[in-house]
Each structure stands twice: as structure tokens, then as C-alpha cells.
């Protein structure tokens, strides 16, 4: 195809297409950041990507077209299949995986250029090396994040002096990088060593971070991949990469901060000071006892309520109970109960986790309410049904200064006339602390796996 | 000074300073667009301007330094004095004036380059010509806007076929511009003719637009000047001009739309369809009669109120009554009356007009409330004191479909127990229509100039 | 190569654009937006294609090929996942087919 | 001169930046912000200075001089007016000296 077009016409076409792609990416991201227009946004960005990819085949003086098509085929088909098949609850790790691949690709570009060597301006070498470093860290780090969330790595590996070791490796990587920058004859060994060190750095940085902090870490690596792509864009003199990469780098940085803030943590805390240690169990003693209830009794209670508020949490995701819960809600609605869903901003393990799950189950989003919208309404609710939520309804956040979650706004489920809590046993939530809500007079515990219990409730309500 | 620095060091210094300036401009605008940080914004932007201006003296190979300093001195000092002296109510026309000067400067740059001629890429000529056209239109147009708001031009000059004439002139200007672009030997006559036509176009486009539409028009010319500056920045290869100009061009375009929307008009309507015709008097008949009241009686009514809401409008600006009104409010406060100020988004003749005036008089901004905040409170107010407002409290906007202001949200002053209206006589407001509020049973008219009447009220309240 | 200061300008402006475009995004869109921006840097594919296309040594070809595979995975996977997530954000009216 | 496509990119990014930076500005800031952005295009002063500084003919010098006068008026006037307007936006607490 590239033979049909004169080199200069091809290059104007390519440049113009890249311009259009960069424009569409920005428009797409803009639309994706507002709920009303979000669905269209990905289509715009996708169109940009398609245009940019297709015209790149016309780049003058290229070879290896067969390899290129094969590569796109292999990578594209695998990603397509896995992306289509993955369950909604497994989204975060898939994002980590695809993001890591992008970082790896940026590192590969850097490797190709650095192995090639040659006389280039200093700035170009600096950018190639930095982009390679960041890309490689994002690659191996994202793979670890994937493995942790997928349950392939179960423990967070920690040892004394870990941060010192990581710092030493970072310095070593930078030293080898500097060697490559200032001595263009450093040779293939140095380049290989550089990338091995960078990959090790990403690995070791990510291993100690707890699985629950992963969404923030993934978002950070996402921003880093953007930056790596931008740097390699400068190296290849490719404006689309520069702009898309930088835009993602900046947007991703902000997003990372917003996510950390929504979880009531600082980014530094996620990455370093705690290095992923989930808060140690703490907080004051709890008075009273937990009072169990049977599904049939809970069903009666709900069936005759005027208004019920459902509070889903991480346990609903684990149990995949969202479909059953929606069935239950519909049952209740058909009996005239007013049902609303209350979603805490950090319920679950990723921002918007519950929204995505409920949306998947078909819950219309006008039944779903934010913390600010619904908190005043618990007063007037006859039943609050807590399913797999714990920290986000813990009143200690309001009152107990010594609690690790003190200060986090919570859903005021304790204000409802009756509270029913579905969970498997005495397990604590993410923060590992006791929950006084479970011991209140109006609270009843409905033990069991979320999905199973919800199924029982559906049956029981039918036969009321 | 420029002799002390080697050309290349100077040019890096200049480039770096321009970069810093562009960065500071963006940060400054960002801060100016939020009330909390607005005051700092102009300082950041100002610092950027200072840096850019000072380093420009080091530009290699320049002459005419004396002329340059003289020019900066003359323009700067005159602007400084007028800017410091102008009354707050006259701000819009001063903004128009300074903006016009910027447009004129961009046109001057284009003129210098075009008179010089020479072989340059086509794109450069196109940009020089377009920037010159836009800058010249903005220059003469802004001067007309200034003259109108300053009261130097009293009538809006209109005649049949006006738009056709303007279109012909536009086409003519573009034709001469094209001649200059494609024939570099077109010579000084063509360039002179081009600029004369462009200046005439700005003049003729602006003359028919009514004074009250001027804020929108000024904002539009502001955006255009930005664009002209950006284009001339491309011509001079000056990145600071390109970026600052484009940013202002885009920000100004959005601002113009927002302003037009806040006035419940479309931009096209302001510029073309109405070409500034203020809405013809219309709307239904009004029942009842206007009932006058004396200042002393009005003072008693207010002094014994629990809660009074002051609604200022354009008449307060005309009468410069804001200081007296604040004195009155303080008098009332010291008698235990709860006083609030209610500001409609388009009260007065420019967005934020009333806020600036009240701020000038020293009214703390926590007493000042937006339409959304305060509208529910009129129900509980004993007195609504309307001073020089008319359209923004006209209930026809709520109920009368035939009214030209139908659909505009208004301040619900008619819900207050008593309404006192200060105005000079039977004059209508901007839209030229009757106001049913003035005929309501609970409304009393307090005739006279705003400032004088407010003074009488202050006296009368003191002696209650 | 794009000249130094121009590169800086582009970098600054793109960073401002990225930052401002997603400022004030609601929490529920954090994950889809993370996924969407993840997709956008899949543009690295065009760079990987060029790197592979210009590679002449076997090492270059192998690394270039790996780069293309990874980049294609980023782009395609990012798209599919984002699209699936955003597809779910519908109001009750839209749901009934 | 900045190369064509790069110029386009800068233009696009600067336009996005300008647009996004002031999106969602409250009505009361419309006039000060108009004045503030009016000040920012006062940067035309540096262009006018260069145009005058490189002018060799009397015509060029006269027009260049006019340009500098006008541009300085734009920059200085824009600053003074904006600063005065923004100076007034204070809460009641700040007012008492």
C-alpha cells in the first residue's frame, strides 16, 4: 500500500491522521469523564486509534509487514477474547494487564532504539532511557498487580530494609542509564542490564503493596505508561504518541490522586509509608452481642416494610450476589416496598465497583444513590439491608478518634429502624476493625454466603 | 543590555522566559476562574507579563530602543492613570478600550510585516492577513463599543440593507487580502486599502448593536483579539504570543457564550438576527394601579421588619446608590433587622455588575445571595426593597408566554409581604415592557433618583 | 526531532489539557476512566509498528515484534474492557429494549 | 517558522486548555475574567516590540511605535482594571483591617 502513495503525500496523510487521532483522543476522554456522555467517549477514542493504526502502514520505508500484521493479530485477538470474557469483578486486574502491555511496548521501543545506538542529540537519549525505565517498571509492576488481584500471588512479600534495597536498585538502574546516555558505545550488555534492573525494580516495588491498594497503584502505573509513551514519542518524533501519552500522563496523575483521596488515603501512604500494610486491627471495645436472624424472618420484615435501603459492599462482589439482590429488590417493589440502593464512594475494592456490578445486574441507575444523596433518608427507612459491606457502614468513623477509619464519611445505616446484615461470619472488612453497627439493638445478622442468602430471601419473600 | 549577552544565550533566555510567561498566564487564568483564588490569579499572570516584556529587550539584533521605551511609557502611563481612575460602573467600556488597543497592536504588527513584504511561505501570509483583519475589526469595533457605553454615541445607527452592506465590505476586505497573499508585489496601496476596509468593517458591524448588548460584544472582540495575537505570533514565530493568544481566543469564545446564555440570548441573536434591536415593547395588559409611598413611611415599614431583602438593579448603578444602600442596610441591621442582598445573574448591564458595585461599597459577600440561594426566602421576608431593578423581578417571565423575557428565571420579589420599589418614574427596563409587580396590592412605589431616595431613607430610619 | 522549546510547550499544553479535561470527574467513573485512558496510550502501537518496520537486525525484529504484540494487546484490550464497562451505565428508561 | 503540523497541534492544545480552564466559571466572575483574559493578550506587546525593533523604514517605525503604544495600553490597562475588580471580592471577615 505504501508503494502506491508518494512518500511526501503519505507523510502528510500520516501527519493529518495522527492529528485527527490526537484530537479524537482528547474529545473521547472529555466525554468519558461525564456520566451522560461517557458511552460515546470510547467510540470517539476508538475511531482515533483505528485511523492512526491504519495509516501507519503507509509510513515510508518500512519492512517486516508480515511480522507486523502477525503481531497485531496475536496481541489483538488474545486481548479481544480475554477482554470480552472477563467477569465484571475482574476488571481491575485486566486493566492492569493491558496497561502493563502498553508499558512493555514503550520499553520495547526504547530497547530497539538503544540497541541500535548511533549519534543522536543528548536529549533524545535521555528521553529514550527515561521512557524505557518508566515503561519497564510499569510493565513488571502491572503484571504483579494483575497476579495479586487475580489471586496468583496471595501474600504481600515484605522484609526489613525493603525500601533501602529498592532505592539501591533504582540508583543502580539510573547509573547504568546514565552510562548509556553518555557513552553511546556502552553496548548491548549495558542496555540489557538496564532493562533487567528496571524490570526488577517494578517487581520489587509492587510486591509489598497490599491487594486492596492495587486500584490506586494500577492508576499510577497507567499514568506512568502514558508518560513513557510520550517520551518514546519524542524519540520517534511521533506527535500522536507525544500528545496522547502526555494527556494520559497528566489525566492519570490527577485520577490517581482523586482515587487515593476517595479512599481517604494519601498517595505517599499507599506507596511508601505504609507500603501497603493494611491498617492494623485497632479501635475501642464494642458493647453488646450479635443477634442472628433466619432468612424467613428477615423476608417478612422486608416484605412489610414501606421503604428499604440496600447497602452493598465488597462481600457482594465476592459472592457475585448482585443478580440475586436485584431479583429480591424487584420482588419487594412488586409488593409495594420502596427500594433504593445506597453506594458509598469506596465500597468494594475499586472506585465505582458497586455501580458497575449493579449496572451489570440491570439495576437502573436512578435507583442508585450516592452517599450525599441518601444519607438523610436512612432516618425514614424501615429496613437497611447490608450485604457484604462493613467498613463503609462502621459508625466508628464518625465517633471513635482512635479508629483507623476515623473521619471517613460513612453511610448512616445505623439510623434505620431495622438493620439486616448479610455476611459469612465474624470476618472483618478491609480495615480489619470491629463494627459496632453489628451489635446494635435493631441489628440482626443473617449469616451465609451473599449469593446463597439472597437466593433464600427471594424464595422466602415469594412465599410471604 | 542585549550587547552583554551572546545571541544564543540571549535567545535561550528569551525562549525560557516566554515559556514561563505562557505557563503563568494559564495558571493565572485558571485561578481567576474560581472566586476563592481569583485575586491571586492576576498577580501570577502579571508576573508572567513582566518577565516576558523585560527579556524581550534582549532580543538579538533590535534597534529603535528609544522609540520602544517611549512607546511603552506613553501607552503604559496613560493606561495606568485611566485604569486607576475609572469608576467601577465604567469598567466595561475601559475593558473594551484596552482590548481594542490590543487588537490594534496585532493589526500594527501585521501592517509592519505586510508593508515589508518579501518571500515567505504562503501560510505565513495567510496568517498575517487574517490576524491583521481580525485585529483591525476588533480595534475599531471595540472603540465603538467604548464610545457607546461611555455615552459618546447615543443612538444605534440602523438602516435597511445594513447587513448586506457589511457583507459586501467583508467580501471586499477578503478580496484585497487574497490579492496581498498571492501577489507579494501588491504594494503599499493594497495593504493600506486592506486595513482601511477592515477598520470600516469593525465600525459598521458594531454601530447598530444596542448599548445593552455591549458586554457580550466586548467579550467577543476580546476573544478575537486573542486570535489575532495568536496569528501574529505564528508570523513572528513567537510561542508566547501563540499560546497566550490561542488560550484567550478559546477561553473568550466560551466566556462569550456563557455571557450570552446568562442573559437568556443566543450569540447569533446578539450579533445578527436582532442586530441589537432591543426587544420591542410587548406583552399583555396589566391590571391595577401603582401606589406611591413616602420615604418616611417606607422607613417605618423597614425599621420594624424582621427580615428585608434588597434587590438592586441597573438603576442603582446609574444612580451610584450602592454606598447609600449599604448605609441603609447597616442602619437596619443595627435595629435588628436581618438584611440580605439578592442578586440576579443579569441584573445591571454586565455580568457581576451588582456584585462589583456592592463589593465596592463594602458589602461583605456573605450577605450577597444568588438567585438559587435566595429565591425560596422571599416567602419569609417582610420587605423586599427593589432599587432600580425592573426586568429581573418581572413576574411576566414566569407566566406570560408572549413576553419577550418569558422563560428567564426571576427573583420572586412578589412573594414578599411588602414590596417597596425605588425608581424615578414610569420608565421601563432594558426589555421595554410593563412590570405587573409594580401594580400588586402589596407594592408601594418610592419615586426619585436612587441615590437621593436612599439618602432620605437613611435619614428617616435614623429618626424612627 | 521537534525542537526543544516547542517540545516543552507541547508537553505543557498536553498536560494542562489532560488535567483539566478530567478534573471534577465523579467517583463512579474513576474505574472506566482509568480504563479509557489506559486505552488511549495504546497509541504506542503506532510507535511499535514503526520500530519494528525499521528494524533490520534479528534482535531488533524480535523486540519490535514483542512490542507490537504488547501494544496491540494494550489497544484492543483497553478498548473492549472500557466499552463493556461504559455500556453498563444506562438509566432505567434506556434499559427496557 | 514553526512547522505546519506542530503549529496545528499547539493551536489545538492551547485552545483545549483555554476552553477547559475556564469551563464552569460562575456568573459573578464573568466580567473580571473577561478583563483578565483581555490582560493576557497584552502579550502582544512583545510582538510589537520586536516589530518595532526590526523596523528600518520610517513607515515601519511609525506603525511599530503605534503598535507598542497600543500594546502597552492593553497590558497595563488590562492589569490595573482586573486587579481593581478582583481586589473587591472579599468575604466580610477579610474586610475589617
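When the chains are written out, they are named A, B, C and D in that same order, and each has its own residue count from 1.
Simple rule for what comes next: contacts are C-beta pairs under 8 Å (C-beta built on N, C-alpha and C of every residue); 3 or more make two chains touch, one makes a residue touch a chain.
Just so you know, these numbers come straight off a predicted model, no measurement behind them.
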Touching both chain B and chain C (chains): D
Maximum centroid distance from chain C, chain identifier (CA atoms): B
Chain pair with more C-beta contacts, A-D versus A-C: A-C
Distance from chain C to chain A - Cα centre to Cα centre, in angstrom: 15
Centre distance in Å when chain A and chain D are each reduced to the mean of their C-alpha atoms: 41
Chain centre separation in whole Å, for chain B relative to chain A (CA means): 46
Gap in Å, rounded to a whole number, between the CA centres of chain D and chain C: 35
Sequence positions of chain D contacting 2 or more other chains: 2, 6, 9-10, 13-14, 16-17, 20-21, 23-24
Chain B residues counted as touching two or more neighbouring chains: 18, 26, 239, 243
Contact set on chain D toward chain B in their complex: 1-2, 4, 7, 10-11, 14-19, 21-57, 59-61, 63-93, 95
Residues of chain B touching chain D in the complex: 18, 21, 25-26, 28-30, 32-35, 38-39, 41-43, 45-46, 49, 52-53, 56-57, 59, 61-65, 67-68, 70-80, 82-84, 86, 88, 91-92, 94-95, 97-99, 101-102, 104-106, 108-109, 111-113, 115-116, 121, 123-124, 139, 188, 215, 218-219, 222, 225-226, 229-230, 232-234, 236-255, 258-259, 262, 343, 345, 350-353, 355-356, 359-360, 362, 364-367
Residues of chain B touching chain C in the complex: 15-16, 18-19, 22-23, 26, 239, 243
Touching residues on chain C, where the partner in the complex is chain D: 2, 6, 9-10, 13-14, 16-17, 20-21, 23-24
Chain C to chain B touching residues, read off their complex: 5-6, 8-9, 12-13, 16
